[in-house]
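In what follows, subunit A forms one complex with subunit B and a second complex with subunit C.
Moving on to the complex of A and B:
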């Protein structure tokens, strides 16, 4: 074996850091997917009748839908009947404060480096922690409550703010939007809900951590963010899962609603288990994320750092309905080993003078496949719509693939749409230059890749930018000999 | 400090270096001259550990250790510095960030504590003054969009920061304007000590007016074909390489 291969071997054997699982007693739905299971979930969650009906309607529609096959990914058919659609850690029925949360569950999050203990919390970040199917704890609730901000688990919102949930649920991503969104609508178990009242600037980052722990469980969270007129919120989502041989399905739906002059920043650092280096196991991440800039001068900005999952299928999108509204999408997607990612965005310009900006940085290593798929649509009445798209791909080694699928659909002659794309290879001479200054190859790759992704990483809140940088380096370890 | 014995190296099967012998002692400055394509940059690259070049014969001892056995980053950490003829651009990485990573890895190797941000900054300030480099340049992406002269000046700035024992300057003078040449050369001279050595690769006498060599070597077709003192450089400046080429070519026929 050559020296290079040896180094490569050594480094790729590095394991996924969050690959552990914990045994705790769970309350689970039996495996299978049918109306009874949906009734079971809804009853378990003590849901109102209208929500059960909504779920059942989604389920019946879903039965007639086909799994999409247009994405540039391949995976064996998922047996949806073998999955369990609800798994909750057993604990005291209702927890009013963190003191009542099972210490074992708090320990799980501590192990992930996420402190749910308010005394030791990250400065200025409120956290909602979702384990398997249910939300375990939401910190900072009182502080936020004083401002009229609602930040809680989805189940809680259904109970305490049913009128809000009823009004906005499915308003951005209709239950029948696509196969996975319909599935989610039928069986979603929990997630986060966030409501920012008129004129309120949320003083801290709101953050949700998703963790899949139980085996053979699909995780179907539902996130709903509503920003009323002239409000502002920055929201962060992080995710991990244990290392398992079998694949696990994750099909979330995120909906964002922005009224006039409101601004929502949504950042994701996605680190689901990517499968091992032979491509065994890993999360199938089929997610629908969409925001609507309903009011004039509103703004929605998506930032995502995608490092995990075996297969990713995800297109955070913006419907720019209000005049002068702005949509942004900043993405870094890294794939290594046998990972596959098909990700990008859709910017739909409906209002006048709407603007969108897309910055996508793909990094492929190993035998992975990384696709950017983006759509810019300018409707008839969207005078003076502007879009700028920058799609860069960075290749490491010669066994991986990078693909770009831009779709542009313009129905108004005043539109200005710019698209730039580059593909580059990480340069031997760049690495050698770093080596010559005393920097080891691994660190050189991290440095070069972080430099390449800088424009996107800069969009993240400080703490998470640091976390994301480390994650990028970790994901790419061993990809250059 | 550095002892090169019968060094042969090839690229994709083509021999480029064909038996180099060179002894460099601490405190010395050696100039390497020679026509285009004679192998000067190749020699520098082989010493720095570039993988494309395969060493087919010979050995190199640096401070008592087998240099050729070491990984490129370890050579750097041991004190070998190469100022590149064509410095590489690294988009999105500032010089400051780059150098901090480099310096701390070098320090770690040498068993020193990493420098904190404050100490690092004050060291930067000190070295910036030495080569009169602008702070603005250092907060930009490394070498990206730098002018030719700015790149070269940045190389010497990095050298100042890393304090190597053996510096190899590959045509650092090319691209520098008259003032910059003086400033950069003065910088190099200030960094010299009886503990360090310098190898300068150049085509022109004007650099050697500032950085005065103890020895001058002429590289031709992968061999050092003539060595002398600084007067040899003057002679070359006047007469060119033809007389040497003739000498060598007639001898080998």
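Moving on to the complex of A and C:
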């Protein structure tokens, strides 16, 4: 196995590609968490009174909440008082067009491979770029605006579409939902807002790109997607952060609302800094994502490729309230070195004839721990609910762990629920077969892993699929157990 | 409604405990106090609010006194075709005068075997009820199967239970087998009277190297009976242990079954059926711990739930870092027959070794309409057709029972419940 070890070593010595940081002038809140900070953030963002009240209410509830400890992850206690809750690149004034955005900031995104220049972009993706606490630019706004689609930063939405924000904010993830959701509700700084009017099929992929740059800050963004009747949108989210020794907290909330016959597809390629190979540093990714299929025949589909973060705690969920609504969850979670991931989904069947499908592929290498935690709940009046879940784990190396915690709660006799899970490693016979045909071990592993994850990767929009495939190869290249 | 608190529970029962096994009892007591009885929504008892149930149903939290058991009662309780030895218990107390003398097997009161390492297999750290039993059991039975002896006749542990002044029955069974020994145990209860009682049972089984032990159990408790059982076994090298558990009735039943695979080439099998009606609530928690390489475990639990019954299943498989080349398979299938029946199932895998084959699967569904139609089209009425399909569903588990007479008896019970013979 010496060759495998050698390959493993090569892999672990691979540096995190997006580990650089840039110095730019920032506007920061002082460290600490209290009502004054919340007022400060709210004032800074020139928010209306109701939103400040909403934040404060969330904060007061949060004070009485305890940090959840049920997840299968361990990490030192986070000192929330030591964090800065707001950090924004200094901009002279509000920018109207991309030409006015500080070229330095655009350069950051260029370096990440995200061109904010509309002409240079591949056709078909509009981007909202979020740097630390604020959105720096949103592309293709005019094109989308013609169709009545609102796609802008959250702060802008609060100013320009307060009625929409007020109506839907917290409607899917209530401010008191859980510890981190409440924290986010109190201190969220920015994020994306997206509104697709009735009957509109969004012509391009919408995308948010999150980047944490500043040190000692937490990123708390909030995304709200509202799809009105018979509309369709595909939404992408990507994230990276610089390589730092200390851990940083990322506690986001994503809410999706789908009215009758609407379809929302939400894809994430999460590549936060995972910590170095000794497990030092990295992002704590504690995210609450939930969508509600409010109307009949609506559909929400989550696809995630999780390769980054030191600790992940994330359960994109679907509440299938409308009759005939559909929820889907496709996930590839890769952990290496000392990474820990506890991720999965919840499918709550409330309406009749609802369907859900879960495909989760976990890959653990190094000394990492990878857990799938999911719940399928069929309520009493959810006649003819149908669920299929599949969660497979692939182990590479004998120091890692793969865990499965599926909860299946059925209260209706007409439900049909299936769950299956397997755990295995890459077979020596499979490698041998490839070797025989002249494929080097390293390529064989990439081939097998990609084949293993294909069912999920196929769900990603084309551009993201390419990125995800590269990421997988980068994270796992050659690690034969 | 009583206003029983956890403190009262502990004190009432502890005060009534005999003063033997003092160090084991102390350990039980300490663990019980540290854990307390499971709180509402505690993860391990999430769907089974046992403490609340006890608080509302058990008024006298003290040991039930033994009731009179006659030879006729024993005779009529033994199922047809049974060819074996019987050990009789009255409210957990072993009755040697009504029991068979078993050739080649040592049987005695636990109290006569002060050196038994009680609590070393069913550890009080793991479960509050195991701790409670250890701290306060009255007496129990000690069964030892010597090295290389093959006990061909099955041994039936027949318990008679009835509330009698107190309502708490705490049976304790210790089974040890020498290397290369073979034995089959059957565990049955006869419920008497309508009054609620609480059985808190602990069975510890220590298998020798290359031993083969079968433990078959039928839970056909009275409809007001509350039961928690902790059955735990250590399986050594080349040994095999098979458990088959049939749960048919009771008020609230919780079974903790734990298999510790401690030697290579060992095999642990757990099979179960829960076929429930009325308001019966049965919770099966199983736990397989693979600590060494080259061991195998198989698990198959099937549930048929009618009326307002509730079935809970939680199967844990742990594969420790050293347990390479493990094969572990787990399956849980459920059929819901009524609007008000509930299933909560959680098949759980925790794996730290990479060279393993593990899988689990679980399904919840109903009878196949097409299969029903097929049978009806051939002149079988709907009720019989349903029965036939359910019987076939349960059959996969029933066929794991090696003892013919016991299997026939179990089949008879299932058929009786299904309302027709096949």
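One rule holds in what follows: the second predicted complex is superposed on the first by the 468 of 481 C-alpha atoms of A that agree within 3 Å, B and C clash if a C-alpha of one lies under 4 Å from a C-alpha of the other, contacts with A are read in each partner's own complex, and residues count from 1 in each chain.
Basically, a residue touches a chain if its C-beta (ideal position, glycine included) is under 8 Å from a C-beta of that chain, and two chains touch if they have at least 3 such contacts.
In this text the structure is predicted, and so the values were computed from the model without any measurement.
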Under the stated touch criterion, which partner chain does A:77 make contact with: subunit B (first), subunit C (second), both, or neither? neither
Once the shared chain is lined up, is A:407 touching subunit B (first), subunit C (second), both, or neither of them? second
Output check: A:420 vs subunit B and subunit C. Expected answer is one of first, second, both, neither. What do you get? second
After superposition on the shared chain, which partner residues are touched by A:450: those of subunit B (first), subunit C (second), both, or neither? first
Is A:432 in contact with subunit B, with subunit C, with both, or with neither (first, second, both, neither)? first
In the superposed view, which residues of subunit A touch subunit B and also subunit C? none
In the complex, go through subunit B and note every residue touching subunit A. 48-52, 71-73, 75-77, 81-82, 84, 87-93, 97-99, 101-103, 105-106, 109, 141, 158, 162
Which of the residues in subunit C come into contact with subunit A in the complex? 43, 47, 321, 324, 334, 336-339, 341-366
Of all residues in subunit A, those that touch subunit B in their complex: 427-430, 432-441, 443, 447-448, 450-455
Touching subunit C in the complex: which residues of subunit A? 70, 378, 380, 393, 395-425, 481
